[in-house]
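To start, the structure itself, in structure tokens.
As written, the chains take the letters A, B, C, D and E, and residue 1 is the first residue of each chain.
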Amino acid sequence: MKDETSVLVNIIAFLILFVIGIYIYSVAIDTGAGIKITDNITPTMRVADKYLNKNVLDDNSTYQWGGTAEDTAANIVTSVVVDYRLFDTTLEVIVLFITILGFGFVIPKDKRKIIKPTTILNRWAPILMLLMLMIGGYTFINGHLSPGGGFPAGAIISTAILTGVLTGRRTISQKSLKIIEAITGISIFSIGIISYFLTGSFFQNFILNDKIGDLFSGGLIPIFYGLIAFKVAAELSNIYFEFYEE
Amino acid sequence: MVEILLVPLITAFISDIFIKNKRLVWFLFLISNGYILYKLYSLYGKWDLTYILNTDYQIFGAKLSLGLSNNPLGWYFAFFSAVVTLVIAIFSIGFNTNSKGNVAPIWMLIIFANLGIFYAADWITFFMMWELMGWTSFFAITNGNTKALDGAKYYLALSLLGGSSMLIAILLLGAYTKTFIIITSAYRLIQLFNLAEGVFTTILLLFIMAFFIKSAIFPFYMWPSKVYAVGPEDYIAFMSSVMIKYGIYPMAIFIVPVIGNLQLPKIFNAGNWMQYFIGYLGALSAVVGTLLAMFQTDMKKLFAYSSVANMGYILLGFASMSIVGFEGSLFHVVNHIVLKAAIFLSLAAVVYRTGESEMHKLGGLVYKMPITFLTFLFGIIAAAGIPPLNGFGSKWMIIQALMEKKMVVLVISMVFASTGAFMYLFRALVSIFLGQLPERYKDVKEVPYTMSIPMIIMMGLMLLIGVVPGVVMKPLTIALDALGYKVDIATWTTLSSSFKNATIDLKIVFYMFAMGIVVAALMYLFGNKSETIPQHDNYTAGENPIEWGVDADKFNYSYSFYQPFKEMFDPLFERISIDRFFSSIGKNFEYISPTIQGLYKRGEGAVLLFSIGVLLFILGGWIL
Amino acid sequence: MNSIVFLVVIPIIAAFLSLFLGKVNKLIAYIVTIFNLSFSIVVLVSGKIPFNVAIGGWRAPYGINFVVSDITIFFLLLINVAAVLSLTTIKEHMEYQFYAFYFILLAATNGMVLTGDIFNFYLFTELTTFAIGGLVAYKRDRLATGASLKYLILSSTASTFSLAAIGLIYKTLGTLNFADIASKISNLNKASLSLILILFISSMLVELKIFPFNIWVVKAYDASIPAVNLFLHGMVSTAGVYGAIRILLMVFSKNSIMLSQSSNIANILILLAFITVIISEIGALTEKNLIKVLAFSSMAQLGIFLFGISLGNYEALKGAFYIVISNYFAKFVMFIVAKNYSVIAGSRNYEDMKGLGRKYPGLAIAFTISALSLMGMPFFAGFWGKLSIVGNALLMDKIAIIGVIIILISSVIEGVYYLRISHTFFSDGNIQDTKLSRINCVLPIILAAVILIIGIYPNSIENIIWTMINEIQNTPEKYIQVILPLK
Amino acid sequence: MIAAIRVFGYSLFAIFIGLLFMGIGRKIIARIQLRLGPPFYQAFLDVGKLFARKSITHNFVMDLGMIMSLAGLLSTMLFVPVAGHMAIKTSSNLILIIYLMAIGHLGMAMAAAASGNPNATIGVSRALTMMLGYEIPFFTVMLGLIIFNGTSSLELIAQSQAGGILNWNMVKFPLGFLAAEIALQAIMGEKPFDAMVAPAEIASGPMVELGGKYLGLAFLTHAVSIFVETGIMVNLFMGGASNVFTFVLKQFEIYLITILIEAVFPRFRIEQAVKFLWTVPMSIAVVQLAIILL
Amino acid sequence: MTQVFILSSLSLMFIGLYGVLTRKNLLKIIIALNIIETGINLLLVSFGYIDHGITPILTSQESILNLNKMVDPVPQAIVLTSIVIGLGTTAFALALAIRYKITHNSISINASEEEEGRGI
């Protein structure tokens, strides 16, 4: 039943959005001087240009494929995420940690019974889990070469655990998941502290002169991505165990 | 100079610690008041004493410095209020032996603020003391009993409003005249007049609003009746006599000199429009105060409105802007302090013994409490301005000044108010002390010595000032002379005004009155002897009214004393009532607030209001 | 100098550890908070301020950097002191999640104050929101879930607005670093700058509790346990205040204190500020629940703070700092007093707390002193703030004068309801004496004494505030050069 | 000491004249009402009889009240210049006189209220309301004269009217005189405005409980008040004669006018009286004041 | 080409905002929030868009040569984090919504906390 207050609210909401839209449009076509939001800034003016040319530390250094550079990850997005702006990603991990912790804390504890899995799922579960684990492993191992990285890898691995939960097999207990989560979290930050003691500033990459392109390039990036993958996997599967009934 | 302020502060702190045992606390209170009086006496004449405290707090670019200065007018106000406070302090030792709350620490803080106000050299110190006095008096009035709350809340709201309007005025003054010192800011304000007249009038009106709120002048005349009825009686004696003068002091030291020498066109060659503005407000508060006082049934409310009327007289004196009128109102300030304190002390004694403050429930107390009756009688005579006592001198000077300046309407309203004053004052005397003594007060005794001695002192003070006005006029004229006014030092007993041979010698008036009494006493003794018989066996022809099932005090005609007179004014008071106007403002706020709480209680419109906020920002961009 | 990042990392590691250390969590919380406090004192004393720390070794505009200048260290101290004081009010055993949320909140607020990168600032705000969401929902009863959910919805829509603003800034200026933005802001088109400003300010005002954005405040304060109230007041709003000062006055305002060229945004801010003040004061007038009264009053104080900032005059800004300091101490005292009295009286309604002032005079006097300081009464800290804000607003344009008059009227209203509350404390009531240990009377008295000292002798605070103000005054030398040395 | 004798002499003279006027007044009223009326010295006989008789009192306040009322009236009388000279050489101020007259009323009212008789207190409340009524027009008239002559001392006003009848204030300000006459009627408490003593309704109001010497004192007070009020009128409007005899004669003329009015008028109700006093004489006085000011 | 991305992401955001403003049911509000999140992510990525740009991943030497044709990596880094934030908010909000259902026995947003039995 549509009482008149909600109709009024709808109209007001529509009006507000309409005005905001017109405003944005008027800002977009504004003819005043200075950089407008519509025109793209020349690439060289952007911060990203230094990330692409990997010459943040000294301006005119160039790098070759297979040669070395200040950050040897092939996938530049990963170099930005895990090397240049590593602190953001560590905070990202904390955001996930907090929200899942809050999730577990707030959700009411009436666990539901898992219905018996169908035979097909029963048969294929181990194979599927194996496949998922392999793909997950692949994505975070060469996160610095190809697209992907810690976060998607963690999600894929957690789906493996999910299939385990769906088929009712006890793959891993919630207690150990929490331990994994804590350990990976602490190790991420302890690496940061180690790098502080080694190189004087936090989260600095202390493994140098490996070559762009090969598997173990990119300094600390694979290590970080690995830890992030396991942490995300542990956290997400934590959610499933909230609903899992022994 | 600064130790006069430190002593009350320290005593306030100490008595706050020992608040439990009353005897010590009130004794400390008396001693510190005595010390203050002695110190003030020793400060007489040393007008150049100052004490400056420099803080490096920057306001308008300059570093702020707070200062105290022994200015003559401030000394005059402080000395006479200290005299009366000392007497009240003696009274309140006895009064507070068995009272519930203990108001001494807060009262000490108020006395600290009181001295601060009178001695402040610059506006910021003045404002700081003013606000301190504002909220401390709130706590003193309520002092723990909750039924005093809404009266005190009303007073608090008004005094905070006054404080804020004064803050705006001070800051505007500071911004435009680049100084906070009171005296120099007065001179520069006058020069400012021809530069920015709009700012000048706003500053002046805001100042006047703040002072009128504190001194209960016309638009804000309602709070005394609400507050005096509920506060602790001995504190109310202090509040009604001394604290109501806080508005008058800055008027005398700042507003009157500024308005006095403004080059404004004179209306009916008597004064500029501001003088008339103050004059008419004074006249209105005198007339309205008197009329409302007549119709009250609670004795403290009655005298609250009488304070309003007296403040009106003082304002009329200021409005005349002649030196005689100025002296008259300052003289009336001291007279009012003395007589109001005397009246409220006797009321406090009545309440101390009977616990009742509704006039028609009292009666016939004169036989049980003769000293209280005499103080009250002297207070009545002084309040009505009848010659032998101190009320007459100042009223006479104010009327002379107004007549000389041909401000006819003001004089007529003043005389109307003073004769009306006689009506309600006598009504109070009749209903409380004369007439039949009700049964329940049969065993009422006179108040103990510690309370009757201050009352006798007050009687003596009133008589002394009445007969020898020089006691007050001499220091006053010396102070005004020190301030730079062209004034001749008053003699001991004569008061003079600027009319042709209009000087009256109060000593002779007293002699004449004494001789009249001697002649009348002779006539009285000449007659045959008379025997006293109880009151209620006269018009009831010997029968005792109790047999008719009616006890004696039913015959006490004092409930609606001026009933016919009241009916004349009722239609007028029904339509316009400033009181309803102000309390309706308060009610509106309290009416809106649940709707706002409702908005925050459910909180589901959060995102909607968020986007409305964004909309506001966008629209602002286009419209403003 | 680089070790300043420990202020953020140590609490996070403690958050991870808190999962295992059930019983000893409270001790760990004390240790970490006291570490943070002492560390920031050491940095203050070390005298190397202002300095810049590049995280991960990448220099300023490219990597994330922490900046420590006078304002930063001042607010850092405020937050850490608030954290230590609010921990003292936790008496009973709390589940480990509470401590996890607390650690993250501590890290996030410290991070917000320290960071010099706009996206990092956004992330820390997100962390604060989630931590507060979790802490408010700690009691998990009807009130707490409702309050936390509605807060979460509002703050996540607000965060999308600020994310859009960050995206636009990156698209037009190509950088995410505060100092870099500040130096490049001038060549932005006026209209697009005001669009970015609108998006960013609307998300910040949620935390600054300004009128259309502060619907969550009263529910959050009422629903949470007293310790969380103190977190909300002490840490979160102080960080919000820092954010407002840093971003509104230093990043987006070029060198003039006025909010960049778009002065009409400043007018709207003034308008919203004094509307907040008048509405929250009226709201508090007939409120019976003491915690809600304090929530309304903290909204009002932050309204006055925003009014002081957006006036565009350095003395008014000084007044705003005074208001922040006096509100910080006063609200602390009031929340502690409210907690103790509601424990004794059994209900949060101040009418049931009659007569408590006579049993525990120390608490009631501290409450009155802080109430008077909030009202701006002389001899208390708030007066100096009110004096300079009112003084300078009177000389500004019409909207500022109307605003000042409304703020003074609302301080009258505030006076009425606060003194009514302290009157009910002192009036005679029949309270059976549940022994309240003397030690938690000590803290409010000390804080009230601080308010009194500032009120009577403002010199000490005055110099600190002036050092901060001339850092805002000449932002280019004091802030931008520290981070981006002249290339 | 001579001052004391002069005061005593003045007061006896005032009492004598007052009682004489009362006696003659009663004679004239009787004649108007076509009856013979008591001999003119009847008032002296009454006073003598009253003082001889024993009387009853209720408390010391009644005695104090009666003495105070007579003393008040006497001290007012001492300030009214009789034919240019007064008991003690001092300036006789009009404002002073108005306020001194209040003592007489206060004393009488206090004695009446102390008696505890409700009729007395009703009478007192009416007297005070009436006082407020007549005070305003009377003062407005006086204000006009004071402003015109630039002085508030009664002597100077009297001397300013020296010379022939033409420059008497009565002639110069006829309206002022008319208003003052009506107000005088109320001051004296004569017939149209005697709601306070109203014998029919409240048994002679304040005097209900007074007997014997107290009634005698009341008579004397009434006598002195007649002397004072007529003396003021003479000084204000009829040039305050050179010798005592002409002064007394003029006083009698004023008294005659009030007696004639009193003989024929019914009584006003108290609020009618006040309304009347505030409208008719007040407007005349205001017109007079306007004439003087412009 | 970038106009299409920006317009579509803006419309996504407006739809999401409209949903949050008008819907009463909590789950619908959370879904609308998700729509806004995706809208914002698309908007951010589209800010870094260059016509005919290639992914910023180095695969061989010649990809290092045409670095300037690569799409801007920084918005993608930001999007990576904001996706996780979106996940976090939704998870936490859903948990709260489930508990909200139990405590308020109603799923509508204007179920008030204090008075009992109000709100559908």
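Keep in mind that, in the parts below, contacts are C-beta pairs under 8 Å (C-beta built on N, C-alpha and C of every residue); 3 or more make two chains touch, one makes a residue touch a chain.
Protein identities per chain, from UniProt: A = Multisubunit Na+/H+ antiporter, MnhB subunit; E = Multisubunit Na+/H+ antiporter, MnhC subunit.
Predicted, not measured: the structure shown is a model, and the values here were computed from it.
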- Can you name the chains that touch chain B as well as chain E? A, C
- Heading the list of chain pairs by contact pairs is B-D
- Query: Going by the average position of its CA atoms, which chain sits the greatest distance from chain A?
  - Reply: D
- Message: Going by average Cα coordinates, which chain is farthest removed from chain C?
- Response: D
- Message: Please tell me the distance, in whole Å, between the geometric centres of chain B and chain D computed from their C-alpha atoms.
- Response: 36
- Item | Inter-chain centre distance, chain B versus chain C - centres from mean C-alpha coordinates, in Å | 45
- Item | Intercentroid distance (Cα basis), chain E paired with chain C, Å | 29
- Note on the structure: Distance between the CA centroids of chain A and chain D (whole Å) is 108
- Task: Among the residues of chain C, pick out those that touch two or more other chains and give their numbers.
- Result: 119, 123, 126, 130, 133-134, 137, 140, 145-148, 150, 153, 157, 168, 170-171, 176, 194, 219
- Query: Could you say which residues in chain A touch two or more other chains, in rising order?
  - Reply: 9, 12-13, 16-17, 20, 23-24, 40, 46-48, 51, 85, 88, 91-92, 95, 98-99, 102, 104, 106
- Provide the list of chain B residues touching at least two other chains, using ranges where the numbers run on. 601, 604, 607-608, 611-612, 614, 618, 621
- Pairs of chains satisfying the touch condition: A-B, A-C, A-E, B-C, B-D, B-E, C-E
- Message: Touching residues of chain B toward chain E in the complex: what are they?
- Response: 601-602, 604, 607-608, 611
- Mind listing the chain B positions that touch chain A in their complex? 608, 611-612, 614-615, 618-619, 621
- Task: Provide the residue numbers of chain D that touch chain B in the complex, in ascending order.
- Result: 3-4, 7-8, 11, 50-59, 61, 63, 66-68, 70-75, 78-79, 87-88, 90-91, 93, 95-96, 98-100, 102-103, 105-106, 109-110, 113-119, 121-122, 124-125, 128-129, 131-132, 135-136, 139-140, 143, 146-147, 150-153, 156, 208-209, 212-214, 216-217, 220, 269-271, 274-275, 289, 293
- Taking the complex as given, what residues does chain A use to touch chain B? 9, 12-13, 16-17, 19-20, 23
- For the complex, which residues does chain E have touching chain B? 17, 20-21, 109-110, 112-114
